[in-house]
Amino acid sequence: METIFTVNNLWMMVSIFLVFIMHLGFATLESGLTRSKNTINILFKNVMVVAIGLLTYTFIGFNMMYPGAEFAGGFFGFSGFGLHLPENGLTSAYNIGYTYWTDFLFQAMFAATAATIVSGAVAERIKLNSFLLFSVIYIGLVYPVTGMWKWGGGFLDTLGFYDFAGSTLVHSVGGWAALMAVIMLGPRIGKYNGSSRAIEGHNIPLAVLGVFLLWFGWFGFNGGSVLSADPGTVSLVLVTTSLAAAAGALSSFFTSYAIFKSYDITMVLNGILAGLVGITAGADLMSVTDAILIGLIAGVLIVLAVIALDKLKLDDPVGAIAVHLVIGIWGTLAVGIFGAKAGWSQFGHQFIGVLAVGLFCITTSFIILIIIKKTIGLRVSEEEEIEGLDIHEHGMNAYPDFRTNEH
Amino acid sequence: METIFTVNNLWMMVSIFLVFIMHLGFATLESGLTRSKNTINILFKNVMVVAIGLLTYTFIGFNMMYPGAEFAGGFFGFSGFGLHLPENGLTSAYNIGYTYWTDFLFQAMFAATAATIVSGAVAERIKLNSFLLFSVIYIGLVYPVTGMWKWGGGFLDTLGFYDFAGSTLVHSVGGWAALMAVIMLGPRIGKYNGSSRAIEGHNIPLAVLGVFLLWFGWFGFNGGSVLSADPGTVSLVLVTTSLAAAAGALSSFFTSYAIFKSYDITMVLNGILAGLVGITAGADLMSVTDAILIGLIAGVLIVLAVIALDKLKLDDPVGAIAVHLVIGIWGTLAVGIFGAKAGWSQFGHQFIGVLAVGLFCITTSFIILIIIKKTIGLRVSEEEEIEGLDIHEHGMNAYPDFRTNEH
Amino acid sequence: METIFTVNNLWMMVSIFLVFIMHLGFATLESGLTRSKNTINILFKNVMVVAIGLLTYTFIGFNMMYPGAEFAGGFFGFSGFGLHLPENGLTSAYNIGYTYWTDFLFQAMFAATAATIVSGAVAERIKLNSFLLFSVIYIGLVYPVTGMWKWGGGFLDTLGFYDFAGSTLVHSVGGWAALMAVIMLGPRIGKYNGSSRAIEGHNIPLAVLGVFLLWFGWFGFNGGSVLSADPGTVSLVLVTTSLAAAAGALSSFFTSYAIFKSYDITMVLNGILAGLVGITAGADLMSVTDAILIGLIAGVLIVLAVIALDKLKLDDPVGAIAVHLVIGIWGTLAVGIFGAKAGWSQFGHQFIGVLAVGLFCITTSFIILIIIKKTIGLRVSEEEEIEGLDIHEHGMNAYPDFRTNEH
Amino acid sequence: MKKIEAIIRRSKYREVKDELHKVGVNFFTYWDVTGIGNEKQGHVYRGVTFNTSDIQRRFLSIVVNDDFEQITIDTILKIAHTGHIGDGKIFVSDINEAYRIRTGEKGGETLK
Amino acid sequence: MKKIEAIIRRSKYREVKDELHKVGVNFFTYWDVTGIGNEKQGHVYRGVTFNTSDIQRRFLSIVVNDDFEQITIDTILKIAHTGHIGDGKIFVSDINEAYRIRTGEKGGETLK
Amino acid sequence: MKKIEAIIRRSKYREVKDELHKVGVNFFTYWDVTGIGNEKQGHVYRGVTFNTSDIQRRFLSIVVNDDFEQITIDTILKIAHTGHIGDGKIFVSDINEAYRIRTGEKGGETLK
């Protein structure tokens, strides 16, 4: 009896490591797709967000997101500050899949992800302090609330909304905040003078490294969301996850080639992420064919979304809004279209979930951002932006030995 | 009873992740050892090959390589398109070591490796489309056939040929195609004008990253090939794998120092890979001393092979032919020389295996390549090659912020 | 019964992979924080150290560090050269947590770490040969001796000294040698002409990659040190490890901002490592609050230590002495201050442990280094140092395609 | 023909380029250099704070016919100007001859 | 003494170097620059297609004695030529004096 | 005004800079270049040993008033000297005019 508990817990711990390494994936992807003069800044944000995520989640987040039956309401719950090992927290009586500590750490690793998503979208122009402050509040207070609505047993759960590993609860939550922040910050200087200008990322190998690491990490993100090592479910989830990613790569390849007559590697990288985000909401419900279809559609959508957002002059250097918000929505709705739960009523539930979370995130992130803007300000000075955040906020260069060629 | 199944399956899933990350290892190694003007191109190929490998293996490869008893012949078998979960596919009745999904995904991750090996050898001059087309056919149709000969229960298996994790079935299969492609493509412009010229790789840290990740991944490649979490066998395999790699590093270090009076890091990196490829065929059969000897010899051979191939004017930018083909053969034969199965008759079986697979791969890759050459062409134009594939095929630079110094 | 053995062994194997990847973390961190003209040199050292560590530990180290009851003395033990599978070495009779092979490999991966720590501190001026020779002797003979004092059942163990995963036995052992080597080598040319000059690291993304990988690896370093997959203990260890790292990031962030009014990413990276080294000695004894406190203090200490060492003109390019020695001592003493074993008597034991290991390491590393200095020499020529070790010792550039801007 | 070499702030490059185009100077060559001058820049690295006078700048080399000399100089003086220390310098020298490799032609025509 | 500055396609560099060696021009210095001129290059990045006139080129600075001026120019004109827009330019100016640091000697001898 | 262009070993840069400061030459611009000359450097890469004459060097461009010409040249000749092949060259040419962008002023004053 206890052996299976040990096995399950082992699996969850492996998933923790994989989700952890996603933060490195985000850090390298985001720094690769931005300019060298802002590299230290973006890496700094990504490093701090992990620390902030873990600590706020320890202090408050975990107990807001999983308040436990007696503290949970439909919309909000809280069982007190800090971590308190419950009786039986280390045995299968707590949960057949993991100990209390494993539970906490797996969820804490997820928490930081939401803010990391924002970090990419606002890159190259947001003030470091303002971003960190935003992250503390958003991870500490907003993320756990919507998380609780479904995973903590709140009203979306009661309703029948389904979100396996967080297309909505993690990716869209980050995506909505990214959207609001991008609107409030405005585009980078020079991005939309008349027509749209490309501001190329400075280090494509770093971006590729990031996407491979994210895929690698997603095995734990989705695989761990089974919450036990159950061979059938977990291995299915790994297959649907991988095939959706592969399909996303393929269709984004063809779509972007069809439109631009060029092999744009950043589109294929986004296509892979689109496949991954797309399958996340229903990774355990899909057949092989479903997974491939979801991935293929995600790969087409992502290319169109990147183009559309650019047309709308929403300047998102790494495509975070397209990947995490647009495809996060697609993945959530796909649960109503493909797989074991497909059907109009499920589609309805999914739609309501998207809407409810969207409204809440738009409102809260707007409020947080507007307060920051009015007080300490959101955006660096024009001089700082042109000369680079690294030299101004950090007094350093990311590559002091290289002769750069900044654009 | 079922718990051990869960454990085994967990181990196989971990192995999947490790083999997956080898693709990142290949991507960074290969891009590190080539020039910056072709970096996007090589990364693009490595990314797409993963997607292609997974999807062709889903569609056709898995059922050709493991057609199951009723469909298998000695030389060819096929049990139909697509994946079909067999009855009991999720329980230990399917296999004590893993579910059907785990089985598929582990094998699928291997599949893409063969084409990735080729990618390095043909770098900096092959047309992107031609390479992708070749990959689809080679992974889709050739790799599963030879794989079936042994692992799918075909004639080499019957014969007594042994190839634990694929020195021949994976590495040589890639290596033979690499050899044929290099012959048919010819060397890079400027490589052999009179004497051989060195065309240095543009980013050595990236190459080092690649080799560490490949070693990391090899724990799953070899360790997972035990096909269960059996403590004794798997841990022995990890030890032989690690010690062969370490021994390969050491002997390539001394060999290259003895010849060139210089500490050439690329030779040591190749030496590590040589140790790994060398042990792959018999990782479960070797003692500690055997493993070290195999690694030491592999490390010497690799240096000589790199020199010899260069003398033969076979231009292989990353040493793929030397590592995967020459050492793949060495590793396969070593099963007849060292370890539990050593002996003349086993050596004979190994020899036949090498020969049979070699002939088949040479023939098929030649046919595929010649058809591509005659139709859409294999090689980019001279102008494109000199100015770089990145700007011509992709319209991008990998490092737009850096002042380059191309050679 | 045997299933739990398989699970435990699986966990230990996963830990092996994680500890292995720490070597990549060290390689990238150290090369990122040094200059581009010495990049190949430092990578070369890091690659070779892994090979040397594994092979010397096979040949001699393992049997010195874990000689087994019949061969162990209080201060020294040795059970013969090479590896010899004991009877029952593959079953739970050997150990409930792992097979003999797993045991060896986990310990062997640790062994190389001590020398890798030195590698960073002596970077950019030590002769390659001299460093490699030093590593062979230090890993082969010194590391196993002090290791045996505690983990092999020697006098420190008898005394009651506690060092869970090696704040002292691994990190300080490396740190002391680093200190001695830095003293004997002297600072890099130009570092202390009058006032201290900053010699900036050439590739900050590489350094960030390194720290994330080290954190990732630390899950296995600490988690594996439980020596079984016990759900409660391991998951607690993962939580204390992560929170100490996060707390270290936070406090180093605030401390370095308070002192320098600047967001110095290298300080935050060192702060994370400080949190990790600090928690290592007592990761299984601490509560959540203890872990956070240990991390917070470590993060403050590291900033002060870096400044102090610089004031003392001890030139340590990557901060290895500060991280591994100073914080190694802090972590060891913290076992007497926080957590389950806190108390004056334990503090005394910890203190004696620090002292004993320190004296032994100082003495032995001094002797080894002085002999090397008198014979083959320790330091490269001035010309070589100024022009870079890469071109002189290796005849290569790490980045031949980039226009550099060396400082 | 004159060679006008301007060492400017990198952050001013784009504006200068656009304005040069407007006044009809469509051809030039640039690269990034390090300038040693009056300006200092504060750095911090691992606990060492320091001021460096090695500042990254952009070097523009513009060869023009004599009638374009003044407008080119005036444009740069106007646009690259911030008024803070470190705005850079312009140096003017003579060019004896210019050739266009594509056509082999030489003289002032090659600069148009 | 003359300074010959040639801005050429990077892809032509190796040929030019080899041919210069053949005609006896064994010493020069080069670096990579960005050229703004007639040539345009198509780029695509994340859905934005654009043409840039900022093209990477190689800048050769060759100081020669007067009797070598013509052969150097002719060689570059011949070898660096493709006939397509963007072949680059050659500019010639005077050098007053040259020194060889190794020996301290000055004058035309230092260029041999 | 004179332009002094010095191509020196990178390893000598720091000393040269310090000494120039001592003699009152506080302003200049530098960048890294590749020099083709007499010096050869041995390389090894994946089993191919080769000598390259493409050696990385530092290029200093110093514009000075005429009275500073000699001291600048002498300083570089003295400090950048090792006596081994490859110490580099100094080239001197005329500058017609200099402008300081910050103030718009021109002439010799801008170099002080």
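As written, the chain order gives the labels A, B, C, D, E and F, with residue 1 at the start of each chain.
The rule is short, and it goes like this: a contact is a pair of C-beta atoms (placed from the backbone, for glycine too) under 8 Å apart; a residue touches a chain by one contact, two chains touch by 3 or more.
Treat the numbers as computed from the prediction; the structure is a model and nothing was measured.
Asks: Count how many hops through touching chains it takes, at the least, to reach chain F starting from chain A.
Replies: Minimal hop count between chain A and chain F: 2.
Asks: What are the chains that chain E and chain F both touch?
Replies: B, D
Asks: Looking only at C-beta pairs that count as contacts, which pair of chains has more of them, C-D or A-C?
Replies: Between A-C and C-D, contacts are more numerous in A-C.
Asks: How would you label the chain A and chain B contact, same or different, if same means the shared numbers make up over half of all numbers there?
Replies: Chain A vs chain B: different; shared/all numbers falls short of half.
Asks: If contact pairs are compared by residue number, which of B-E, A-E or C-F agrees with C-D in over half of them?
Replies: A-E
Asks: Using mean CA coordinates as chain centres, what's the gap between chain B and chain F in Å?
Replies: 50
Asks: When the C-alpha atoms of chain A and chain D are each averaged to a single point, how far apart are the two points in Å?
Replies: Taking the mean C-alpha position of each chain, the two centres sit 44 Å apart.
Asks: Per the centroid of Cα atoms for each chain, what is the distance between chain B and chain C, given in Å?
Replies: The answer is 33 Å.
Asks: Which residue numbers or ranges of chain C touch two or more of the other chains?
Replies: 3, 7, 10, 14, 200, 203, 209, 262, 264, 394-396, 399, 402-406
Asks: Please output the residue numbers of chain E that touch at least 2 other chains, ranges allowed.
Replies: 31-32, 34, 43-45, 49, 93-94
Asks: Between which chains does touch occur?
Replies: A-B, A-C, A-D, A-E, B-C, B-E, B-F, C-D, C-F, D-E, D-F, E-F
Asks: State the interface residues of chain D toward chain F in the complex, per the touch definition above.
Replies: 2, 6-8, 31-38, 57, 59, 73, 76-77, 80-94
Asks: In the complex formed with chain D, which residues of chain F make contact?
Replies: These residues of chain F touch chain D: 3, 17, 26-31, 63, 93-102, 104, 110.
Asks: Mind listing the chain A positions that touch chain E in their complex?
Replies: 196-198, 200, 256, 259-260, 262, 264, 266-267, 270, 303, 306-307, 310, 319, 405
Asks: Using the touch rule from the top, collect the residues of chain B that touch chain A in their complex.
Replies: Interface residues on chain B, with respect to chain A: 3, 5-7, 9-10, 13-14, 16-17, 20-21, 23-24, 27-28, 31, 39-40, 43-44, 46-48, 50-52, 54-55, 58, 82-83, 90-91, 98-102, 104-105, 108, 128, 203, 206, 209, 393-403.
Asks: Applying the document's contact rule, which stretches of chain B touch chain C when the two form their complex?
Replies: Interface residues on chain B, with respect to chain C: 3-4, 7-8, 10-11, 14, 18, 35-37, 200-205, 208-209, 211-213, 215-216, 219, 223, 229-232, 234-236, 238-239, 242-243, 245-247, 249-250, 253, 262-265, 268-269, 272, 288-289, 292, 399, 402-407.
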